[in-house]
Each structure stands twice: as C-alpha cells, then as structure tokens.
Amino acid sequence: MTNRPNLSHGRGYLAIPGPSVMPDAVLQAMHRAAPNIYEGELVDMMPSVMADLKRVARTKHYAAIYIGNGHAAWEAALSNVISAGDHVLVPATGRFGHGWGEMAAALGAQTQVIDFGKSAPMDMDVIAQALAEDKDHRIKAVLAVHVDTSSSVLNNIKGIREALDALDHPALLMADCIASLGCDRFEMDDWGVDVMVTGCQKGLMVPPGCSFVFFNDRAQAVREAMPRVSSYWDWTPRSTATEFWQYWCGTAPTHHIYGLRVALDMIHDEGIEQVWARHGVLARAIWAACDAWSAGGDLRLNITDPALRSTAVTALRLGGADGTRLRNWVEQELGLTLGIGLGMAEPTDPARDAYFRLGHMGHVNGQMIMGLLGGMQAGMSALGIAHGRGALDAAAEVIGGA
Amino acid sequence: MTNRPNLSHGRGYLAIPGPSVMPDAVLQAMHRAAPNIYEGELVDMMPSVMADLKRVARTKHYAAIYIGNGHAAWEAALSNVISAGDHVLVPATGRFGHGWGEMAAALGAQTQVIDFGKSAPMDMDVIAQALAEDKDHRIKAVLAVHVDTSSSVLNNIKGIREALDALDHPALLMADCIASLGCDRFEMDDWGVDVMVTGCQKGLMVPPGCSFVFFNDRAQAVREAMPRVSSYWDWTPRSTATEFWQYWCGTAPTHHIYGLRVALDMIHDEGIEQVWARHGVLARAIWAACDAWSAGGDLRLNITDPALRSTAVTALRLGGADGTRLRNWVEQELGLTLGIGLGMAEPTDPARDAYFRLGHMGHVNGQMIMGLLGGMQAGMSALGIAHGRGALDAAAEVIGGA
Amino acid sequence: MTNRPNLSHGRGYLAIPGPSVMPDAVLQAMHRAAPNIYEGELVDMMPSVMADLKRVARTKHYAAIYIGNGHAAWEAALSNVISAGDHVLVPATGRFGHGWGEMAAALGAQTQVIDFGKSAPMDMDVIAQALAEDKDHRIKAVLAVHVDTSSSVLNNIKGIREALDALDHPALLMADCIASLGCDRFEMDDWGVDVMVTGCQKGLMVPPGCSFVFFNDRAQAVREAMPRVSSYWDWTPRSTATEFWQYWCGTAPTHHIYGLRVALDMIHDEGIEQVWARHGVLARAIWAACDAWSAGGDLRLNITDPALRSTAVTALRLGGADGTRLRNWVEQELGLTLGIGLGMAEPTDPARDAYFRLGHMGHVNGQMIMGLLGGMQAGMSALGIAHGRGALDAAAEVIGGA
Amino acid sequence: MTNRPNLSHGRGYLAIPGPSVMPDAVLQAMHRAAPNIYEGELVDMMPSVMADLKRVARTKHYAAIYIGNGHAAWEAALSNVISAGDHVLVPATGRFGHGWGEMAAALGAQTQVIDFGKSAPMDMDVIAQALAEDKDHRIKAVLAVHVDTSSSVLNNIKGIREALDALDHPALLMADCIASLGCDRFEMDDWGVDVMVTGCQKGLMVPPGCSFVFFNDRAQAVREAMPRVSSYWDWTPRSTATEFWQYWCGTAPTHHIYGLRVALDMIHDEGIEQVWARHGVLARAIWAACDAWSAGGDLRLNITDPALRSTAVTALRLGGADGTRLRNWVEQELGLTLGIGLGMAEPTDPARDAYFRLGHMGHVNGQMIMGLLGGMQAGMSALGIAHGRGALDAAAEVIGGA
C-alpha cells in the first residue's frame, strides 16, 4: 500500500455532527458588504425571519435569537426562568444532558440528575417516579435533551409532558433540540414543550454563531416572576422587538441573518415534513449498512433500537482503536471527515479510540450518504477491519426506496 | 431636478460607525465549507489568533473571546468581576456609558453615574472627586468608555488610572474600546487598564458576531474572589483553553475565526501604529472639510476640541432636519450611507433630524474619505443646504500631506 | 512627508478604462458550482440573455456571443463579411481604429486608413470624400470606432450612415462599441449600423472573457455571399442556435453567462436611458473638475469639445512626467488606480509619462467619482503639481444637480 | 414509491465529462475585484502560469493561451499550420475526431478521415498504411484525439509518432488532449507530439473560458512557412509575449488567470504523476462496479478492453431507455447529475436513451466516486433496472487498495 496514490484530492465532505455541510446559497448570502443596520432590507426582513424560525420549531408562541452557540442558548433559557436555589430535574442520556445541568448548577440551581447511561433513552417511568416524589413541586423545570449528540439517542419529549400532566406537576418542560431541529420530527406546541433551545449550525445549515430560544406563555409567566434577569439574556425585548437592535440587545449579526434567511427559505421550500422524511430515509440507509457490516465484524451502533435513534447523528464503535484508525484513514486518503466519539470513554481509556460518530444533518442528500458509506467501507477494506458484505447494496436499496 | 438621473448605481459605501466596511479578503476567508472543529487547521490557528488579538489591545495579559456583540462583551466583563450589590462608578459621555451602567444595574450592581453630557469628555477632576469621596473603597470598578460612538468623544482613559493611583483606590479600571480599538491609540498595559472590552465589527473589520474581553492579573484576582460566575461568561477557561471548545464554551464560530485571522494579519502587516496614524490623517481631513463647511452654514461638529475627538467616528449636526435630509439624499442618489444620530435628542424631538454621524473606522483609505466628503457636499448642494466653500480642497490637502 | 502614514489600506478603486469595477452581484453569480450544460437552468436562460443583450445594443436583429476579448469580436465580425482582397475604409481617431484595421489587413483585406490624429473625432466631410471617390464601390465596409478608448473621443457613427446613404454607397457600416456600450448612447438600428462589436468587461460590468457581435440582415446577406467562413467564427449558428452548444461552437463559458445574466438585469432594471444619463452627469462632473484644475496648472483634457467626449473614459495629460507620478502616488498612497495613457506617445518618448486616463464606465456612482477626483487632487497636492482650486466644489455641484 | 421523500436536498454532484467539479479554492480566487491589467500582481504572475502549464503538458517548448473553449483551441492550432488546400489525416474514434476534421475542412483543408467506429481505438496498422500510401507526403498533419469524450476511448498517441518516424513521414502530429490532460498520462515531448490542444474546464478544474495550444520547434517552422495567419490566432506573440496584452491579443481574461493559477498550484502540489495515478484508481473502481452490475443486467461499458479506456470519462449503456431514466432519476432524486451519451445514436434513434457517460476528471476523490456509484445503484434499484450485486463492494475494495 506504500505506493498507492492519495485519493483525497477532490471535494471534502465533513460528516461530523455539526457544524454540518453548508449550502452554497447560504455561504453566498453571507458573502456581502456590511449592510445598514438602522433601516432598509436587513431591518425589513426580520419579522419574516422570526416567523419562519417559529415554523421550523412548530410553535406559534415566542422566539428569541442570541448571537452565540448552543451553550449560549442553554444559559439564555435558564437565565430567564431559573434563579439561584431553584430546583431542576435533569434526565441525562449522554454527554449533553449533564452539560446543561452543570450550566444550571453554575447559575446556582439545585440539580437532580437521573443518569440513563450512554446508550439508552430516558425511561419515562423513572422520570414519572422522580416527579411523583417531588410532592411540593420544588422542581421548577425539567431539562430534557431531545437528541443527545454524543449518544445519538432520540428521547421521548412528549412523554415527559404526559408524565408532568398526569401528575399535575407545574414544572416547565425545557427541551434541547440543538442536534435535532430540522432533522428529527419535533412539535413544540403539540408536545407541550414550554422552552426549547437550538443552534443554527446543524439542521439549520448556517455557520455557527446564532442560537435560538423558543418559549410559550407558561414560560413567560415564570420569566415575569423572576427576581432578576440580566438585560443581555432577557428574552422579552428580543421576542417583542419594535426596534431592530432590540432583537439582538445591540449590534445584529448581520451576515448570519442573511444566511439564516436563505436557509429558512430552503427548509420551507422543501417542506419541514419532507425534511424530516428525507433525514429518515438517509438514516435508515446508514443503519442498513451498519447492520450488514456488523454481521461480519465488530462494528456496533450505540443505540440498539431503531425507534430510539436520531436521524441526524449516529454514534457507533468498532473494536480496539479501529474507530480512530478508520476516521484518520478516510480523512487523509479520501477527503471524508467523520466525527470523533464524545463522552463514551475517559480521555485516558484506550477504548476511546473505538468510538466515532456520523453526522447526517441538514444539507445532505442521497449521493452524499452513499459516498459516506462507500468511503467507510473502502477504509475498512484498506485497514483490514473485518466487516460483513453487502452493506452498500443494502443502503442503496433503502435510498432507492425498494 | 425631477429628471436628473439617479447616481447611486455603483459600489455602495457604508460610512456608518459600525459595522464598518469589510475587506474583501475577510469576506473571502469566511466563504468556505464548514471545517473540522476537533482537529486540523482551525484548531491549530487559535494560539496565534489569541496572541495577535492581544497585540492589537497592547496587552501581554489575558484575552477571552465571546460569540456576541459589544453588549455581550459588556455583560461578560461585568459578570466576571461584579456581583449583585457591588458598586460601580460610571462616568458617561454619550449614550454608551449609560448603557454599560444600565447593564451593570440589571446585574444588581449599585451604579453611580456621572453624566458629562453629550458633547464633552470626562472631567478628570470630577472623577477624582468622586473617587476621593469613596473613602471606604466601595467602588469596585470604574466603567469608562474610551470613545463614545454616539458623541464621538475621545476620553482620557489613562487619566482615570492616574486618578485611581493618586488616591490609592483599588477599583478596577474597565474600558470600553468597542468603537476605538484598531482606530484610536489605546495602550492597555501602559495605561493601566484592568479590563477592556471590544467587538470585531469596527476597527477589527469582521462582520458582527464576536466580541472580546481582555484582562490582567488584578482583574483575575477579583474574578477569583467572586461568589459565582456563570460557566458561559467565565473568562477563565476561555483565556487558558487547552481544548479548542474551551475557548468558546462549546461550538466555535468557525467562519468568524477565519475572518478574524485575516483581519489581524492585515492590521499587523500594516502595523498598529500605522493604523492609528492612518485614522488620524483621515479624521483630520474630515474635520478640515467640516470646518470649511461650518464657515458658511449650520454644520457643527459635536466635539469642539480636535484633541478630544475620536478618529474613528464623527458626530455632527446640520440645522433643522437637514441631517436626515442629507443622509437620505446621499444614500438614495449616490450610494453613500451615513450613520444616524444616536442619543442626541429624544425620539419625539424634531431636532433629532439634525444629527448624524460618519463612520471612518477600519478598512478605510484616502480615496474613500474623499468620496464620503465629496458625496456629502454634492448632497448639500443638491438640497440647498448652505455650506462654506473649499471644504474638499482642504480635505485633499490634509490627505495629500501638505 | 517621509513619516506620513500610508493611506491606501481600504477598499481599492480601479478607475481604468476597462476592466471596470464589477458589481458584487455579478461576482456572486459567478461564484458557483459548475452547472449542467445539457439541460436545466443555464440552458433555459439563454434566450433571455440574447434578447437582453440586443436591448442594450438597441437592435432587433441578430447577436452572436464569442468567448473572447474585444480583439476576438473584431476578428469574428471581419471573418463573417471580409475576405482576402476585400477593401475596407478605416477612419481612425486614436489607437483602436488602427488596431481593427491592422487585424483586417492580417486577414488579407486592403485597408484604406484615414488618420484623424489622436485628439480629434472623425471628420464627416473627409469620410464622405473618400466614399465619393470610391466610385465602383470597392469599399465593402467602413470600420468605425464609436469611442476610442485611447483618445476618449466620441465619434458620430450616425453621420457615417448618412454619408453612405447620401452616396448610395453599399458598404457595411461596422461599429466598435467596446468602450461605449452601456455608457454612451448608441442606437444600432436607428443609426443604421450593420455590424457592431463590443465586450463584456466595460459598460457590461462582467470580468473579461466574452465579446459580442450584433448584425442585421444586410450584413447577413454579405455573410451568405462569403466564399468561406470558419466554423468557429461563423455567426450564423451562434445567432440562430437551437442547441445550447451552438451558441458557443462548443462548451459554453458557464460562469460568465451567470454573471452576464445579472449584469443585464441590473442595466435593464435601471433603464438603459438612465444608464446613459448617469454616465453623462458623472462625466460632466469630471470635466468640471478638470476645467478648474486646468485653470491653475498644466492639466489638459485630450478632447477639447465636450460634445465630442465619451462619457465612459477620459484621456488627459499633465506636464512632464506628472501623469505617471500622479498615477503612482494615488495607487500607492490612496488605493486608487488610474489608467495609463495609451498610444499618445512612443514608448521611448519621455512625454509618454504625461498622459493618463480615467475610466468611468459601468458600475460607477456619485460617491465613487468624488473619491476619484478627490484622490487625484490629494495627489496633486502631495506632489506639488500645480492645479487650480475649486475643482471638487465644481464637481460636487454637477453631481448635486445644481 | 409515491410518498417517498425527495433525497436531492444537499450538495449537488455534477459527474458529467466537463465542465468538471471546480475546487472551492479556484472559485474563491476568481471572486475578486477587477485587477490592474497594466502592471502589478496579475502581470507579474504570467511567466509562472506559462511555465506551470507546460509542466502539465510535459513539454519544454511553447504554449499559447486563448480565451475560448476546446473548439477555439482546435481552430487556433489549425490556423497556425494548415492553409486552404492542405491535406490532413483524421483517424476518428468517436465524435470529436470528426469534429476537428470538420473544422479543418471549413478552413479549406483536404481531410482524409479514417473512421474507427464508436467503440474502438485507432488501429496503428491502418494509420501506418494510410501514411505509407501518401508517398509524396501531401499529408501535412495528423489530427489525433487522445481521449474521445464521447466514446471514452484512450488512443495511442505515441504509436502514431512511431508510425510517422518509421516511414520518415514529415507530417505534424497534432493531439487533442481536451478530455485527458491532467487525468490520463500524456507526455508531449517524450511522445513526439508537435502540437497539442486542450481546455481549462476538465482536468484543469477551471470554469470554461480558456484553452491552450502547445507546440514545438517543428510546428513553429511550419507556422513560419504559412502564407497568412490571422493576428488573433497567431500563436507567435502569445507564446513569446513581452507585454502582458500580447499573451491575449488584447484584454486578458483576468479572473480566469487567477483561477488557473490556483488550479496549477493544486496539480503540482499533488504532483502530476500522482494526479494520473489517482484518476487510475478511481476509474478502476468505476469499472469494477460496472463489471459487477453487468454480470446481472444489461449495463455495458463502451470500451471493452480496460487498457483502452480513459481514466477521465466512461461511456456506457443500459438497455432500452434506461440510461436516460437512470440519469433523470439520480438527478431529481439524489442530486447527482450524469452525462448524456454523445454521438452514439442518431437523435431520432430510440437507442439514444440507452447511452450515458460518467465524468471522473479533475477535482474528484474517493468518497465522491463512492457517492457516484452508490447513487447509480440506488437509482437502478428504484427503477427496477436489473443489475448484478456486489458492485459497490468491488469498488470499495479498489479504492481501499485491497
């Protein structure tokens, strides 16, 4: 193999679970001179941006945009409804539930974490039990991650609402849809979610830099009862702005707005239900390939039950250090970048190099996924990693709709 | 004039005090596929970005970057050193000093505001007096805006340090250089500034979306004594990151980093002292033109003494509603956008339409400034706004170095 | 002046007579993935591109596009109607008339050149005399440059038609509008022009790479009588294409077509009459400044009579080597690039450095022209080049419409 | 299948045999303001562009660039060495050999065409026979297409030189490398090629708009003996330019030069031998898949012998109208565009819809080819087109180097 030519010289493909592949049209829209921020086109387009964001989130209520990443949205959401001393319940199913809980703790909240491990979804009975035990309703909010980007589990957000309602528990249901929005079906209003946070760099297909908090009247009532909310995080002026700068508490992220405008148009032109369905087929193609590979090797999907898998990201593992070996090979030799495993093993654990992840969120189509899977198989072949045959045939059949 | 052709069809020029004109090279660098955020080029370039940022701020100490605007930097800086109940002194010289103070108040601080009006700099004696009266050193920080973007006044930041030192007052000196950094001379370490905040969209020539907090060991000592700092605003991991995500408390603003890398290169290739000198000559050309116009009309610069004017932004006024008339005309007829007046009159005050501002920060050269001034004079001529002659000759002489 | 800062760090302005300043929207449209050339969007847009090109040329007849520059269009046009041995009349008013004639000669034509010098337009009487002397109508075509880019003279194309008609001379009237189209008024059909050539990189605002030949039925009749026309230059399939590739005799210049589509939209959205009028006002502003400068120095416009000047380009001179000194200074110190003089002096003649040219064609507006003139005056001031005062005031008044 | 979601929403992949996929870096370099064409960066880079072009062509002799497409290069090359009445020998192996011959005929040449059909290479014996019969050496040039883009055959250019030399026949050997340069090995000097033509939009990875003619001293001697060469096509000044405009016979294609500069850097950074080797592996992966598909269906490669196939393009067919059905489906459903068949059947022949082609030239890597093949198989699966199994496994093994 020493003299084989390098096959990476071509268009790179970044298949990590965010940032996702950016559409050319989004990058184009962001390549422009600075606009006026006091009047004109940019100012005029904001109402439609807000409305179209809410359509993606499936809510008729409120939206606030923050210049920031997902962590900013976490803190923004918490800052509007959680004070020092408040109690929050954190059902964790991977790395990110813990992260949101830690951020709440750093704000002074009392956090009750239920750890469901790294390869399983939330157990509704366990959550119901925890809520039932909270007889004096000290739990002010449940922080629930819809899709954990590290484990790729898909959680039953609607189930938490049902558990709360069954107990008449007044806690806010706060959902993290950072990895899932615009990929996995999410119905904010129908599912009874009070607060939802997400970012722009995954299903929304815009370079990292904006994040979003959606909330309803119940959440706003809690906000209004807060002793103090910082003027930067306060979602009230941002969601009810009459002056352009109020949307942003200061200077707007001008170029991101143009990018976001295009991305929202693309999503709604396709139709959000179609977007979800597309992610569904593509994910099933990936799973079909993985099943075939698994039949003849050590490859394992982190989430066993397909009904519990996100269609935006897939966490998986090979044996030994083969996850990292495969990632390195396909990046260096084929121009294909896979995501590292996250939170599955301690940094010093050699098993860490078994894990990796595939991002398949946002601007992704059938030929890209076949390139992803085909590249992976070429890598396993090159590295002598055992794998079952027929994986690509299986994936092609799913994509072909057979 | 009804049949005159419209003369705006050409390259637009946005001469507002931020966002400033973006260099093509910056926009180019941001027009790219999403990069890997776990390893590779982007990760590797961060140490140099941090180092070069500090060179612009003229500090050898610490820097933290936030995805956000100037208000985010305000809140970030405050959140690291000011707790509810702490006292801050706010010498205000336009709109933005008040704004920063209000943000401190919303965080629970006790704010003591000294209002120096809208057309004057800070009076060092008054500040010294306020500090002297604070015998038990309850004032924990002085929030001082270097250049107020609304009034275009240039404040004597070093003078505040001298006043503090003369009184052995331990308050932190916190400077807002949002409008001035990379335009007006600023020497963080030499001037004894403990905390400095700025944004990327003015002298740093990058689309809005990143802001920066610089701080020294004195500030860090105060930080360490804080009862609680939110994990999002905490500047400690951001300034001492060993993992890439720690710089950002989560996902990095990938495309902004590429833009910032180019902008910093441009600044240091030119030389920061040369950048300041360039802004100085261009500002003096503007002032020379304004002096000539003033000699034959109602145009007035907001800051009378040239030594007290910023070289990044110029606030000025015409009579009646002529400021707004002129702005509208040059934008619609010539493709030249001037900044609105800010904070000079109440929204309902008709005098509001007298005020306007010129941005001349960042990526601006001699021919641009002549186009700005020539466009303004064409507008005054078209609208019958009285103005002295020879203004453009005067400006050309300054730019010519005569 | 040794320590003055360099004032070029900002947006550059290329004020040469082609290529002209490209609109951002054109460059954006060209920044895209390769399109399908067999079907789809690009193929579908060609009929509208052809129609809109003809609207700019003010003809209802035929257009052919060539991948090439102005010289390509010269040769293409000649190749369709001129065979070896044919006679052509070439009234030359600068460099480019000679150039077109030389190209005809290289194809074997007998060329009769009338040289009107470098600072004067065609003299209609002299042309009429030459035609009258051609009693047996051996002259097959008159090659007439509408605007000579080197001398900036504007020739009376319609006058040649009148001279031909008065004599019942059957020669084709072939016009070169490379420098003028989309700037100076040109009416192909109304003026009786049989063949017109132009390029995309001046008034049409697209990067160099496409050129155009327009022709009418009279020209087509001559074409059909030609003994042989190369299949590459043959305008017949290009102007009557039913397959996409026929427009181009092979592979299409895909990205240029996208750029051209945007540029044509911009022109027609503004209105071609308005485009001409805009160029007229801007040129008069330049001339007003030049007149004022001339009053106190050695600056001279090459064409004395304003009615004979192009509104797209201005040739002028200073004394000694001051043209080149000024060009160098404004480029290096202000970011403003002026055009070199062309064809006005032999390469070894020191007077060569007196001449220079200003391009003011295409995507150019009021504030740009004030920047151009202001920059020039700053340069004259810096270099001690004598010049009358008030030039910029005069230009601003023209632009202001006073 | 009526309710299956559309899977094309993602990054499109244009897999036609030119224009090829453009590298982002090339498009970036072309997205820039118009440069000065009289001095500076662009002018200074031309010698290196010419040198690096010759390195790709593997010649130490001469190069001339034309703004144009492949047909322009055909005509340019012919115009320098072929006059009306001259004889040329045209061994044709698909559509393009005939095309070049037709262009020569339109210039007045006497063309002797040897048609080797649509699925076979040149037969060296037949060519040698034709040359041997030309005892008085009337054949002035042999026009030989290296890779015919329609049939995807790879011809033995070196063999023609051997045949000429064996007969001491003085005819020029002229090669068309439009489809092959930068993909299939080509050695101009070593193989004794006198004139070579190519374009920028395939292996050279630049948007269509430039083409190239390379020639040696033997060709130049023929050029010098020509009775007349048009000044536009004359390769002499273009290949020996001392002034920038001489390279282009007028205005330069400014933006293409920047793009070409980047593309040449990419090629030479990878190494031309490595570029060829990469194309070789990727083509073998495609052929391996096709072999497997063929084993269970009607798919057939146009060229049977792998040694005679180009590694830049693959012509193939399915049964009935399945070629067109497949092309339409993968474009509409997966975002993958395949090339139409060319020249394989008359427009009215229903068999036309069996043929199609795959472009795999230029900026193409391992994951892209797996996406291409995977997409095709998904399409066959969706459309019920019979095909053997294991094709993608076979391709992955080739790419994996097993």
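Chains here go by letter, A, B, C and D, matching the order in which they are written, and residues are numbered from 1 within each.
Operating definition for what follows: contacts are C-beta pairs under 8 Å (C-beta built on N, C-alpha and C of every residue); 3 or more make two chains touch, one makes a residue touch a chain.
If you're wondering where the values come from, they're calculated on a predicted model, not measured in any experiment.
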(message) So, comparing C-alpha centroids, which chain is the farthest one from chain A?
(response) C
(message) B-D versus A-D: which interface comes out with more C-beta contact pairs?
(response) A-D
(request) Round to the nearest whole Å and give the separation of the Cα centres of chain C and chain D. (result) 35
(request) Let me have the rounded angstrom distance from the C-alpha centre of chain A over to the C-alpha centre of chain D, please. (result) 44
(message) I'd like the Å distance between the centres of chain B and chain D, where a centre is the mean of that chain's Cα atoms.
(response) 55
(message) Which positions in chain A are in touch with at least two other chains?
(response) 21, 24, 28, 31-33
(message) Can you tell me which positions in chain A touch chain C when the two form their complex?
(response) 24, 28, 31-33
(request) Going by the contact rule at the top, pick out the chain A residues touching chain D in the complex. (result) 1, 4-11, 13, 21, 23-24, 31, 266, 270, 274-275, 277-278, 280-282, 330, 333-336, 363-375, 377-383, 389-393, 395-397, 399-402
(request) Using the touch definition up top, name the residues of chain D that touch chain C in the complex. (result) 12, 14, 16, 18-22, 27-28, 30-38, 66-72, 74-75, 79, 84, 102-103, 106-108, 199, 201, 207-209, 228-232, 234, 248-256, 337, 339-340
